[in-house]
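First chain A sits with chain B, and in the next complex the same chain sits with chain C.
Up next is the complex of A and B:
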């Protein structure tokens, strides 16, 4: 038999369906691959026993005719999702001993659909970064070049998918944290509209931006997973009641007559396959439209002010009082300071300090309020664009993965690292990229069209 | 006379406003499903959200919104169809998330007022806002010599913070305002108003200014003054402290102080210079709260009767004086008691029994009217027995005492003790005959013109009958008997 881990998630589903192999066999193969590739440090916590137990249960269900949408599929979970009884750290020392007594809504939906949990993947600490180098649990290596970072913050998930250590993985985006590592690791990544996936049980970084999403080997794989994760959750007040379509069935490869906008501002730097990509889409019948997105340049600053402002208060709860690591002190204040100095890494502390400034009595009016206004203008750019076109198309990260050394010296702060990713996060729109690093952004709630176009884009070399 | 503080150089006026936190009556907390019940084991009513766990999200409890709207209507205030939740950021052991969810920029209720009765007549105290927020947990410092214990059962309970305008001009007005507010929330059942249990808590803002001076001088916030009496005391003490400072050429610092009821003083807590920056900003976990006109109107239509309305009705329907009606409605339980007791009875008499004998008896035993051993219906029945002549007013007092002790109904007591007024004239005549025969000498004296002795005979007759004879009837029959003797 061929190596099962070489199959895509969709192919594995078919194999399980035709009884070519069992979930225990698939899971065992992935566990073996996780061991082989452990040096990549894609996982913070591996859960092989739990995985086999879940796989057995899945096989039993299947034998009784109960087959969920992801029945028997072994997947990996970014360590930002709380998993009941499984250590969940946000890659931070402050949560290094935290075992949640509850399950996040989106992971619960995955388990309910029959998926099997292989473990928890590495990330930048509290998902703050785009290199996966700020993790308390060490750097994750890019499977395609181990001197390079996998991107981030969902770098562990991207590396695990790229190295075939799982059939698919969850990620979270706040400012591009799925598409960025997907691009660096040459896998597919997708996040739906803000409000589609419940944030309940997802450790918060910046609440108005955080969105759960997925990473997979193909767009179809992503569609399979995300349609399970989406849907209304009464536990999240920002969750949408919109019906969820069966996304994986809507990928019909037909983009004839579709209007695809190219934001001028997103083509300042393009990868070498860019021109041929446009030609390809035209050949498939799409109409290419030139689009202006005048507020793109501002997105980075707006993102930093809002995300850090929100992060400051979201991270205030990590005080060593009720759970997590505590460093003692003579007074309550000293205990707070010692705990937070010890528990948070430098990048997180930097962002907390900046965020405190942005939300201070003065900073609020000088920075936070203007940033909120600019965020509305950025959204308007998209609204205007979608009056003319069905989707937007551009490179995702137009630069090559940087080395771990470069990352340590601030490479991730460079221009173009996340310039093309942040505006769609601020606007809360569905967006994804294919393994070739090309991205598609769609209208609010229109995940189907984005995935459909991406499914075609995927064919571009 | 208005309230004035006489300084050495000038007369001073008080400027005062109250910030009152009312715990909302609701089954569950404002953003979590945990119960709000008071008293259980520590931390057994705290959800993961209340304990500030990662990944937990707030979901607004509609009941709390409804309670705020009700209260807002009761305060003659504007209900805002658009309100927003903000995070107020500070670190403290009993604040599990490091921020309190509150409403700074857009409160749910604004611009109301309360009318209070003072010696100088009715005054209007403006209400700036009522906003919805969550309570913190409790720090317990005295359970362990070196450790502080934390109880999160209270964390996340819904609070209405009601902020008055600086319209209060005397400690008495502050007391009246607080009593009136408490009465309103109790009528509406939006807060139980129990200050001693902390379900209603009061911070007092105090400043003074010379009579005639416009504008406001720096104010001092006196924290956690938790009874009407203490609020009045604290204001008095703080106002005098400020006058003394100004009169001696000093300044009043804008600061937060604590009231110490034992030493009768206020002490500094923290000054505004090193005051916390709470870094308010809209909570991204909660969308703005949008209310429709229909929703608000529906609540308005179903609002229970408020004290002012009840007072007017008592005066109209029962012919009570403004004074009596005012006393009866000042407390919801008393009003309910009255309404229960008055069914089919003489309202004025019922009111008198409640405000007289019952209040005195309850006062003596430190019971509230809802704990009264005498049920409202029974008190009504007692009044009914007097009206119908079944018992005399004098016997009624006796019956009342027994009711107080035993909780029995008056009819049972009257039956058991045989206290029923004798109205059968043959029986009464028998007693009179007996008394007359035993005192033939005195009868003779009457015949001789000593009319005064008739009163003595009535007394004797009452004594023999143990007060059960209607004295009017006894008089009539005595006259009749005496005339027969001629």
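Up next is the complex of A and C:
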């Protein structure tokens, strides 16, 4: 028999459906692969026993005719999603012993659809970074070149998908944290419109930006998972009541007559397959339209101010009283201070100090509010573009993955690392990239068109 | 141009309930001053006067929830992750004599 872990998520679903193999067999194959590839450090917590228990339950359900949309499928969860009874750390020492007494809405939806939990994947601490080097649990290695980082912050998920340690994985984006590692690890990544996936139970970094999403080996794999995760949740006040389409059924490979915009500002640096990509799309009947997005370059600055300001507020809850690791102190204040010094890594501490400035009387009106205004202008660039085109198309991360050593010396701060990713996060739009590193951004709530185009883009060499 | 000195960094650190060693505060102050100059330059766009701040990308009405207990009586679960407890209470260092 062929190695089950070589199959895509969609093929695995078919095989489970035709009884070619059971969920226990698929899950066991992935657990074996996780052991073989453990040196990559893609997982913070592996849950093989739980996985086999869930797989057995899935096989029983299937035998009784109860078949969920992801029935029996083993997946990995970024360690930013709270999972009931399973340690959830956000890759931070301050949460290194935290066992959530509740389940995040999006993971609950995955389990309700029959998925099986293989474990929790590595990330930058509190998802702040694009390399996983800030994880308290050590860096994840890129499966394609183990001297390199997997990108981030969902680097553990991307590496696990690329190394066939899971059929698919969840991720979160705040400023590009799904598409970045997807690009570095040559897998697919997708995040829907802000408001599509509940943020309940997802450890908060910057609340107006945080969005759950998925990583898979193909775009169709991503569509299968994300349509299960999307949908209204009364526990998240910014969750939309809009109906969720059956996305995986909408990938018909037909982009004839579709207007695809190329933002000029997103082509300053392009990968070697760029020109052939444009030719390919034209040959498939798409109309290529030149687009101007004049505020693109301001996205990095806006992201810096807003994400740090919001992070400061969100991370104020870690005080060593209700959960997490505590460092002793003589007084309450000293205990807070000692706990946060011990529990947070330097990158996180620096961000909350600067975020304190942006949300203080000194910084709020001169920096934070103007940055929010600039965010409006960035959003308007998209609104104007979508008057002319159906989707936008560009490279995602036009640079090669940097080495772990380069990452330690600030490579992630370089230009073009996330330049083409941040604007769509600030505007809260659906966006994804294929394994070839090419990305598509769509209109608000129009996940279907983004995935449909990506499904064609995926064929570009 | 706003200049951030190491005293400001230390003041922010106290508000954020973290400590910054003296030499680190110096470096951070210098880097942050440069960053704020860069941000300031980018915020000179005259179009900024014409728009409102974007607080969230979510543009649907946000209804208020009823103030009612949905999942109650879970004190043991809530206390289960606390570093120091006595039955039904979180413990912190003594605050009053």
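We take it that the second predicted complex is superposed on the first by the 461 of 461 C-alpha atoms of A that agree within 3 Å, B and C clash if a C-alpha of one lies under 4 Å from a C-alpha of the other, contacts with A are read in each partner's own complex, and residues count from 1 in each chain.
FYI, a contact is a pair of C-beta atoms (placed from the backbone, for glycine too) under 8 Å apart; a residue touches a chain by one contact, two chains touch by 3 or more.
This structure is a prediction, so every number in the text was calculated from the model and none was measured.
Of the two partner chains, both chain B and chain C are touched by A:238.
By the document's definition of touching, of the two partners only chain C reaches A:428; chain B does not. In the superposed pair of complexes, A:101 makes contact with chain B and with chain C alike. Looking at the superposed arrangement, the partner reaching more residues of chain A, out of chain B and chain C, is C. In the overlay built on the shared chain, the residue A:82 is in contact with chain B alone; chain C does not reach it. Look at A:360: by the touch rule set out above, it reaches both chain B and chain C.
Applying the stated contact rule after C-alpha superposition, one finds that A:199 touches chain B and leaves chain C untouched. Of the two partner chains, neither chain B nor chain C is touched by A:416.
Residues 98, 101, 208, 234, 237-238, 312, 316, 319, 321-323, 332-333, 336, 356, 360 of chain A contact both chain B in one complex and chain C in the other.
In the complex of the two chains, the chain A residues touching chain B come out as 81-82, 88, 90, 95, 98, 100-102, 104, 199-204, 206-208, 234-238, 309-310, 312-313, 316-319, 321-323, 332-333, 336, 356, 359-361, 364, 368. Interface of chain B with chain A (complex): residues 48, 51-60, 87, 89, 91-93, 96-99, 148, 150, 277, 279-281, 283-287.
Partner chain C is touched in their complex by these residues of chain A: 97-99, 101, 193-195, 208, 234, 237-238, 240-241, 295, 297-298, 301, 304-305, 312, 316, 319-326, 328-337, 340-341, 344, 349-350, 352-357, 360, 362, 366-367, 369-377, 379-380, 426-429, 444. Touching chain A in their complex are the following residues of chain C: 2, 4, 8-9, 12-13, 15-20, 28, 32, 35-36, 38-39, 42-43, 45, 47-48, 51-60, 62-63, 65, 74, 77-78, 80-84, 90, 92-93, 95.
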